[in-house]
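For reference, chains read A, B, C, D, E and F in written order, and residue numbers begin at 1 within each chain.
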Amino acid sequence: MLDPIIMFFLFGIFAGVVKSELRLPSQVYDFVSMVLLLAIGLKGGIEVAKQPLGQLVPQAGAVFIMGLLLPLVAFPILRSWGRFSRADAASIAAHYGSVSVGTFAVAVAYLTTRGIYYEEHMPLLLVVLEVPAIIVGIILARGLSKDMQWGSVAHEVFAGKGVMLLLGGVAIGWAAGPEGVQSIKPFFFDLFKGILALFLLEMGLITAAKLGILKKYGIFIVVFGIAMPLFSSLVGTGVALLLGLSVGGTAMLALLAASASYIAVPAAMRISVPNANPTLSLAASLGVTFPFNVLLGIPLYYEMAVAAHRMMGA
Amino acid sequence: MNSKTRTLLTIITETSIEQFVCRDIEHLGARGYTVTDARGKGGHGLRQAGWDADSNIRIETICSPEVAEKISSHLFAKYFDNYAMVVYSHDVNVMRDKKF
Amino acid sequence: MLDPIIMFFLFGIFAGVVKSELRLPSQVYDFVSMVLLLAIGLKGGIEVAKQPLGQLVPQAGAVFIMGLLLPLVAFPILRSWGRFSRADAASIAAHYGSVSVGTFAVAVAYLTTRGIYYEEHMPLLLVVLEVPAIIVGIILARGLSKDMQWGSVAHEVFAGKGVMLLLGGVAIGWAAGPEGVQSIKPFFFDLFKGILALFLLEMGLITAAKLGILKKYGIFIVVFGIAMPLFSSLVGTGVALLLGLSVGGTAMLALLAASASYIAVPAAMRISVPNANPTLSLAASLGVTFPFNVLLGIPLYYEMAVAAHRMMGA
Amino acid sequence: MNSKTRTLLTIITETSIEQFVCRDIEHLGARGYTVTDARGKGGHGLRQAGWDADSNIRIETICSPEVAEKISSHLFAKYFDNYAMVVYSHDVNVMRDKKF
Amino acid sequence: MNSKTRTLLTIITETSIEQFVCRDIEHLGARGYTVTDARGKGGHGLRQAGWDADSNIRIETICSPEVAEKISSHLFAKYFDNYAMVVYSHDVNVMRDKKF
Amino acid sequence: MLDPIIMFFLFGIFAGVVKSELRLPSQVYDFVSMVLLLAIGLKGGIEVAKQPLGQLVPQAGAVFIMGLLLPLVAFPILRSWGRFSRADAASIAAHYGSVSVGTFAVAVAYLTTRGIYYEEHMPLLLVVLEVPAIIVGIILARGLSKDMQWGSVAHEVFAGKGVMLLLGGVAIGWAAGPEGVQSIKPFFFDLFKGILALFLLEMGLITAAKLGILKKYGIFIVVFGIAMPLFSSLVGTGVALLLGLSVGGTAMLALLAASASYIAVPAAMRISVPNANPTLSLAASLGVTFPFNVLLGIPLYYEMAVAAHRMMGA
């Protein structure tokens, strides 16, 4: 049966499609996403403390390289088959090389509800995967010129709301440890799914708005928005196997690879690749890939992980 | 009270570039500005302010006609091609003209 | 002793009357009412799943008819004794034929605190009762002309925030069932009363603002704002007895009948009966009937239900 | 840079009719508009923006004088009797007059 | 439709004195006003609207030139020395001039 | 180890210093502070009900007098050593004579985490201590002229958000008692620390903004912002010993004395002493004293209380 939080997402899409007046005030959306980002960071941070550093570093390194490579695969496809301008192709590639925290939160809920174990320091890999695609995207769009202001790009990436809150959460969770965080558990952890439900309601409304725009850009964007995450999930599954992650962890890494950013990357592209059309990349990432991953992708990637581990075990 | 004329320049654009535009207009000589949150519709479609990427701001700055001219030319060159942006101006009476 | 949530309402009135700067930002008010509407819907939806359809349909039908009739009683009184214009009388009649979700939430808290059983699918009847009075009100104001745009009226009613969230909550609660909803319980159910307290604080502030306006409209509006809910509660009690509801359910239906809308109906009237004065109907519904029901009505209707069941039992 | 004159029409009215007014002004020829949330006081009393029923919006649209005239006449006929509404207009300089 | 000219006076100041300024402009003859929340920068530094003490408002009132003059003089005398405040005015066309 | 809520504060400062885009929407800040103020008031109110009046009155009286005297100590120092104008000196003195609810909330968290008993009606003393310094500040700035509009000053003080919510919370907690408040406990009490964490994150951001301004005013304001709370904490410790408070209560009263207002007093000064520069007093109170108290003051005052009680016991 469907998780109720997924129903909130469908409800949001429905309300958007029938042009309901329903709307989350943007300040409430901010509040809700801040709490989610902090909660995910905190959870990850607590686990990071438990991991031997020797295990974290290779994982982070592998994931970082994956984040560099995925956009390099997407870019030529978008250029040749999609016939997009260089800027647009680079920007979309960056979106798909990076990650979506909202999708990750739904996957956390999915695995937790089913009691499936996964490496709980995953949020750290999430943060690591946010960044490299942005850099690759900028270079793809603008070339490696000397007057690139990498300082301001770095600031744009790390000082953005999303990465900042994730990193802050990880740092606090790591420093405070499981007992330290106990006192803020009722707010950040017990309410997690309810707040995620509200968040997905608004995501549904936003997705519905993007659906209308999709028509304008034709079928390619829809196909790409489904095929690319499928491909990336295979890559993610492979990397996870190499790293020796658990079944749940494999599903998670597949999902991270498959998810497309709609916060950190669009914000960074808007500033660093201004001639890329933001409507286009958000139509793909929010109008196609987000609903695909949330509704079909997560269970699919989990089945893939199970199958892959069975094969490896054999 | 005797009042003087200055130019009020209004810029409607994307929230995502607020800090850049504000920095620019200060560098070009504006002594202050006022920002309000907005939503709207235009050539770049509907911008409903549901979340950051879809929000507009409305920046007002009172300045001399020369500075206003400099700012609009600069904005035109730097942002008009790639960003949702509308700029307009008109004269206003201010009480302390040295302030602007 | 008074429930603390009622004290929050009184505190809000007090703060408003002494012209305090206290104010809930409108975005927070939106947030708080969204959570309440979803929570009420979810609770109702869970129960709807348990009911045999053969029992729900007659109840919904009876309540719908009650919603058609109540404004037809109110209208001539408002026209003749109140000397209101046709539009104003029709609009006020629609407010009193429909329901107030805020009042319902307080009644839920009242019965729950005292451990009194009531048919928990009540939120479904709440939704059913929201709608008919609006249609009757529009017809009373404008007559049955051919060029009525019923499509846009229907949209106005069903796509409005309130009805949409209630229906969405009911649908999700119904589909997810009691166990499915478990994971979002801490947010939507455990916080219910605390969030209701904040909501009532703001309602008190709004009520206080309406109190000032009341003077302008004279004594009739005050008398009507108390007499009409008393009459409606009798009708509601009667209908509940016919439907064989429990004591708690009888009190609930009496309250639903007695409560006057201040969200869905004013929004619909503003669009469909523009020449009705919204200040007038809100002064009655928020300045008189809401505080009357919340402070005196709920316990009174409960006593009535107890007495009626005792009489019927005899 | 040479700039042209257009009319800026500002409408202050109830939030509840936002979608209707925006639709109307688009139908009458405006190419875009900007909306900000507001509160205020006027003939219809205090509107404090505490909740939807009590909130105002401020709609601005830049258009030709003819379209501005059409919009104001339409709003006057359709809304002035029954809704809290104030409409005013004045000339502004715009940079790309073809846009408006 | 024939329209008349009135003065639109705009006041940008600290949120903390909203009720006082609104009361004053009503006493001096304005028949209404509109308030929007704002942030900004000026002689008194950056006011980012993060919390009450740091927030601005933007008050608009349409009135006769005489009342506008009275209001600006009053504001000048009462608030300019101690509060973050900018006041400017210009003519606007209104449809029902008796309203203002 | 550091409490995680303190880490949120440090995280906020960090994010502000690196000029992150992180920001709590002002409406969310309002929401969060309203919940904190109500929760503190409710907790205090529950305890007030348990206290004999004969014990509360002398405590409130002593604290009120302390609130009158502290600004009288600060004022001449600010005038002579700080060379501030009369208005500025009076305004800063008022800030330091009054209290900071945010600091108090952190102290509550500190003592609760460590299981240290304190007189739980402390919030009442907090309210009492808010007011007198404001009156003294106004008189210091403007003299005792006949045309002082004390009515409007009183309104400004009591009808302000902060005092209103605290008093409302105390009144409701007192009237409802421990069992009555049970139903709103999950929202107001269980979430307390999580909400406090969000609040401190924003306070960190605000503090960081004030740090920049500090430079403009030179070293005196930094020295004063640390020395004055140290002095006041000694006074508070002394008063607590006279009143026979427990060790925890002594630490609390020391902290109340040491904390500097940044809500009620600035608002009142802005209206009643308009020629005082609000940037100056907030730079001191938010840029120096708030972080000092939160990071170092609270543990220090607790050690002082322990030492003082040991000495007295000896």
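By definition in this document, a residue touches a chain if its C-beta (ideal position, glycine included) is under 8 Å from a C-beta of that chain, and two chains touch if they have at least 3 such contacts.
The structure presented is a predicted model; accordingly, all values stated were derived computationally and were not measured.
Number of steps on the shortest path from chain A to chain D, with steps defined by chain touch: 2.
Contact tally for E-F versus A-F: the pair with more C-beta pairs in contact is A-F. The chain with its CA mean position farthest from that of chain C is B. Between chain B and chain E, two chains of identical sequence, the interface residue sets overlap only in part, with shared numbers making up under half of the total.
Greatest centre-to-centre distance from chain E is found for A, with centres as Cα means. Centre-to-centre, using mean CA coordinates, chain B is 40 Å away from chain F. Note on chain placement: the centre of chain C and the centre of chain D lie 34 Å apart, centres being C-alpha means. The geometric centre of chain D is 19 Å away from that of chain E, both derived from CA atoms. Residues of chain A in contact with at least two other chains: 23-28, 31, 186, 191.
Of all residues in chain B, those touching 2 or more other chains are 36-37, 90, listed in ascending order. Contact between chains, per the stated criterion, is found for A-B, A-C, A-F, B-D, B-E, C-D, C-F, D-E, E-F.
Residues of chain E touching chain B in their complex: 10, 12, 36-43, 56, 58, 69, 72-73, 76, 80, 86-90. Taken together, the chain E residues at the contact with chain D in this complex read 1, 3, 6, 8, 22, 26, 31-37, 62, 90-96, 99.
Of all the residues in chain B, the ones that touch chain A in their complex are 14, 16-17, 20, 44-46, 48-53, 55, 79, 81-83.
The touching residues of chain F, when paired with chain C in their complex, are 25-28, 30-31, 34-35, 155, 158-161, 164-165, 168, 171-172, 175-176, 180-181, 183-188, 191. Those residues of chain A lying in contact with chain C across their complex are 1-5, 7-8, 11, 14-15, 18-25, 27-28, 31, 109, 113, 186, 190-191, 193-195, 197-198.
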